[in-house]
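What follows is a pair of complexes built around chain A, which joins chain B in one and chain C in the other.
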Partner chain A sequence: MSSQTIAEKKDTDSVEIPRDIPEGWSPTILAFACHYCAFAAADLAGVMRLSYETNVKIIRLPCTGKLDHIYVMRAFERGADGVFAAG
Partner chain B sequence: MSNTLEKKKRGSVVIVGGGIGGMQASLDLADSGLKVHMIQKESSIGGIMATLDKTFPTGDCSMCMISPKMVEVGRHQNIDIHILSEIVSVEGEAGDFTVTVKKQPSYVDPEKCTGCGVCEEKCPRLVPSEFEQGLAKRKSIHSLFPQAVPDTRVIDPNNCLFLTRERCKACEKFCQAGAINFEDKEKIFEIKTGAVILSPGLKKYDPSIRPELGFGRWPNVVTSLQFERILSASGPNMGVVKRPSDNKHPSKVAWIQCVGSRDSNNANPWCSSVCCMYATKQAVIAKEHDNDINPTIFYMEMRAYGKDFDKYVDRAKNEYSVDYRRAMISSIHEEAGTNNLILRYTSENGSMVDEVFDMAVLSVGLEPHLDAEDFAKRAGIEKNKYNFAKTDHFNPVDTSRPGVYVTGIYQGPKDIPETVTQGSAVAGKAMALLGESRGTEITVKELPEEKDISKDEARIGVIVCHCGINISQTVDVEKTAAEARGCENVVHAEDLIYACAPDGQEKIKKLIKEKNLNRVVVASCTPRTHQPLFQETIREAGLNKYLFELADIREQCSWCHMGQNEDATEKAIDIVKANIAKVRNFEPIVTDSVPVTPVAMIIGGGVAGLCSAVSLADQGYEVHVVEKEEKIGGLAHHVYQTLDGSDVQVYLKQLIAAAEDHEKIKLHLNTEVDNTKGFVGNFNTTLKNNTSFEHGAILITTGGVEYKPDEYGYDTHEKIITQRALEKNIHDHLPRKGEHYVMIQCVGSREEPNNYCSRVCCQDAIKNAIQIRETSPDTQVTILYRDIRTYGLREDYYSKARELGVFFSRFEPDRKPEVDSSGSLIKIKTFDHIIQREIEFTADYLILSTGLRPHPTTDSIGEKYKLTRNPDGFFLEAHVKLRPVDFPSEGIYVAGLAHAPKNLDETINQALAASGRAGALLSHDRLGVSGIIAKHDRDLCMSCLACFRVCPFESPFIDEDGKVSHNEVKCTGCGICAGICPAHAFQVNNFRDDQVIAMIDSLTADILE
Partner chain C sequence: MIVGTQKPMEEIWEMIKSYKKVLVFGCNTCVAVCHQGGNKEAEIMASMLNMHAAQEGVEIEIQHSGIERQCEHEFFEPAEDTIAGVDAVLSTACGIGVQFMAEKYANTPLFPGLDTCFLGAVDEHGVFSEKCQACGKCVLGETGGICPVSRCAKRILNGPCGGSTNGKCELSKDLDCAWQLIIERLTALGRMDDYEKLAELKDWSFDRAGGPRKFIREDIQV
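Let's look at the complex of A and B:
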């Protein structure tokens, strides 16, 4: 969303006004990963000692096709900053 | 079948070699109730396929495909893997062999080793890694590659500091499982077995034999296998294409084909069958990794003979700008100061060219492994002149010794799907030999009755594993356990050094009993490898095995957050809590099973169908063969001999007699299938003649038809005929002295609208040409071709034809030969590429090499059983590499021309494979339904058919009452139905919405505070 559209919508109550990112804040990211590929890839990343941020938490699904939109909504509703679906 | 005493046969099989062929055979056999002993020379199974980066045409990661299979083999209770082992001798006879095995010491006790890998970290000795083709280092104590099976380390005695110089012992000091044993000795032991399968794999040609190519001298000349590792995301460059000399990104990369192949001087005379396609794949993948790469492939002939191969080469040319040049490289030199390479070759117009490349990849060929000659002696079998195992055309997996079978490259160069096919084929053979002894040598575990926990509140136990120091050096495991203790319903939590070691598992069992636990979470490594182990453990303690969850805090936490101990511990706590939240909602899962009708139906009575029928009947199953025509035998009735001179008609007669005389085979001629109802294990078919029968498996062997040409004046002249007609004429009266036979290849093949190679025509042409020249040396034979595709050991006959004076002239598809058939003699004009001018022939006979087409019934059968076809109309298998004779729908298999054009021996391979796969299925009294499947709630279902449309396995169906029902036998638990169902009527066991949402809520609990 461009800055202009945010500015235009500032008056609307339903839209949250972007806040400044507080010092030391880090996002919470939920990843939904297919057991057979993305979850396996996350395992391989570990085996190869590849490093990434600790704020990514993986939820294993039998297939990314199992990803229900409700899971994504629920995650955002509860304050997750990002959802990553991989499969 | 027995000829001497009716002796009880043994119910086990020894498989020598743990590559993909051996693995396929072992899984098919073990699933059918035979015990398997796998003898593997290396410290892990996996073979050559494990070293590959990706496979074409899909670009799937090779390791991702093979590693679940490796885990399956490693965990199968009917398979014992003996690593670092070789066979010394094979005594006895079919049904009762004694195999002597020599096992090298590994210096690590596999019973105690947990595979944690601390020893490897601490080992100070670095040596070049064989697995990485020398491009990276490994330790002296090592596993072959990270996904190795069995997951144990071994010590390389030639490089171990203690074993060579009596210093160090770091591994012993740091191994908290006490698994290191420097006293380990070579062991020799015997295995009694019913059959032996040889799949020892291959050796690659050593290109340093050809110094002019500069391998070993110029750092930027690498072998194709090295390039696989360079491409691999888990390889030394982590998938970034860099050249060895200076780690620069190469721009111009050359592939040089036929290094070590198709050359009798300092190399092998045969064609290695796979290099054209792997070079094409590497060029495509390299381009995908780095778009600045300009690949050039130098080749003699593009042998893209397999199913959909030509399409892949076309894609490489058109979409990836791969430059194919028909030229052989005579030498490679390094350019002074740049490490670039100067490749010298003769271009198509005959001039000598020096061209500079950044890097060169040598497409090295395949050969029998190093000690193949001695190996044949030890196995007591005959070898052919090139040291491959000797087999005959009609029995492609039988060695000279009954009861000893061969699969994979030891039988001749071949690719992955053909190796997998032969893997199932040898399994089918061994099942036919040992069918009566099924189940006699396998062990069935006695389990206590399952405790009823349905009325109890959740009592969760949590074990946090140190994994030696793998987890505990980064994650505070005590703190993690303490946090778990504070969670609702958790009645016990503690940390263990190794949860997966035998003592760790005993401890878990004890805790379940003492603390009356009814759900268990283990926080350690990945569920992909260790979940089944812990599930078994809790089952042994009387809990339903699905009341378990594994929280991955090693691969997905400690290993990727090293040095960030505090954050990693927080993450580990979050992961454990999320899994506690999930497991709290778990319920016991009762798995169902359905009976299996031990009968097969085969549609199509050609060689493929008959061969499958005889094999299945020999295995002890009843078989129904449905043939549309009035006689069985199919296309083979028109083939008189094979390329190697074997008599097809004699074979066909025997095969037909075997099928007709077999008491278990019922032939239904002059009829077709009217309808089939049911599902895997439980089909019911009614034929158009109103016969109906029950059966458990379906084999589709509907064959193909020969193309009737309208090109080159066919039908305008009686002496313009097809290869098949020529073959009959040769059989009857031809050739006559002085005649000139001109053959044109690829008639109706390899161009739109039939842009595929028919695979058999080059050999047909060469076979007939050899026959003509041998029968009557006064004749003249000319073959006009695009590429001669005599792959594998068939190359010998191409050489022989040239020696016999058969004249070959190549044409391009945009300048095809022109035929004038107006006179009594036929005139043919063509442009010859070697002399770069048009030449003209006068022929007595013009022979058109016409290809093969799918059988006209393919579409209707495909629609009946919902089986997909490829763009050319042939049936599409479940997976082009690893499931070459399966359909995605369980219980249906394919073999022969119905799958793609192929030679007779390849059809026989596939037919045996299909019967091996079907035999393994039919051997079960009942088929177990998996626990992790979608459960369907009819009360919630609105029958909107969303599931019906998306399910790849066709498990939802419209029931008799018009509403949707769900066939759980077909369900694989992918949950696509659950994801799409607007009513949430589908819930996948252990991935139910409430369970996944509990995880989401747990992982977001801190944010809302």
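Let's look at the complex of A and C:
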């Protein structure tokens, strides 16, 4: 089997069923942030009294290297609409 | 090692959706190296199936577990209870592991999560390529350590065919001609005299042509 065939196969690997977006809906976003940079930046934003949307929840990691595949999967499994890693 | 690729999720879902409790069961040796069927991949697959079940509105409990090797009895011991507690198992082992489990757990429905592809090596991170077809009579000693059985599309044994161009196979410009590689290597080793020796007719009865194969070491049997 060529590598191209394998790559093509991966494109069909989605389990997502597209749905209509209800009115007034806002996504729940999880942010995995590195303790030493992105989380510190969020901390600084707090000190500066800057605000951000409440639908973004920050999870502090000792390093984004700690971010495992399964953390992202679990986030979606438990209802998060988006995940971002900052570090 | 054995290389496999995950089956499309839809195909997997069709196999397991009628069961109430399914175990996605990883094999943490060969297929973990190609990041397709290890215990970690089994966990991710279970998570994807859980989400799919939720979206489809199907009540199904999907668990995950795994062992180091699904082709030996001894490794199953810690997972016995887990396997006994489910209605079906989706094994992410190679075809060997799936069959081994199917024989071992005769009353548990077993499904393959992977398509087993070939015996290969890790050329570089994320690149796996076929290197052996387990033909049963190794010719690597005569061919400078490059296998014409697995790496030549025609499996020919006495030099390249007419389709070899600029070192590439006629099948694809990305595919090296195995015999070109053999000649280059024999030249580098100063062994081109060996190239002139005609290979005898290969006895394919040691390959699949002789039926399923078996190897028995009576001295270590218990």
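The working rule: the second predicted complex is superposed on the first by the 70 of 87 C-alpha atoms of A that agree within 3 Å, B and C clash if a C-alpha of one lies under 4 Å from a C-alpha of the other, contacts with A are read in each partner's own complex, and residues count from 1 in each chain.
By definition in this document, a residue touches a chain if its C-beta (ideal position, glycine included) is under 8 Å from a C-beta of that chain, and two chains touch if they have at least 3 such contacts.
Treat the numbers as computed from the prediction; the structure is a model and nothing was measured.
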Per-residue contact with chain A, leading partner among chain C and chain B: B
Touching partner for A:Ile58 - first (chain B), second (chain C), both, neither: first
Partner chain(s) touched by A:Cys37 [first = chain B, second = chain C, both, neither]: first
Which superposed partner A:Ile70 touches (first chain B, second chain C, both, neither): both
Touching partner for A:Met48 - first (chain B), second (chain C), both, neither: first
Residues of chain A at both interfaces, chain B in one complex, chain C in the other: 70, 74
Residues on chain A engaged by chain C in the complex (per definition of touch): 1-3, 6, 9, 12-17, 69-70, 73-74, 76-77
Touching residues (chain side chain B, partner chain A) in the complex: 64, 67-68, 146-147, 233-234, 238, 526-528, 552, 554-562, 564, 567-568, 570-571, 574-575, 578, 932, 950, 973-976, 978-980, 988, 991, 993, 996-997, 999-1001, 1003-1004, 1006-1008
Chain A contact footprint on chain C (complex, rising order): 5-6, 8-10, 13, 40, 43-44, 47-52, 55-56, 117-118, 127, 172, 174
Touch list for chain A against partner chain B, complex: 28, 30, 35-37, 39-40, 42-52, 54-55, 57-63, 65-68, 70-71, 74-75, 78-80
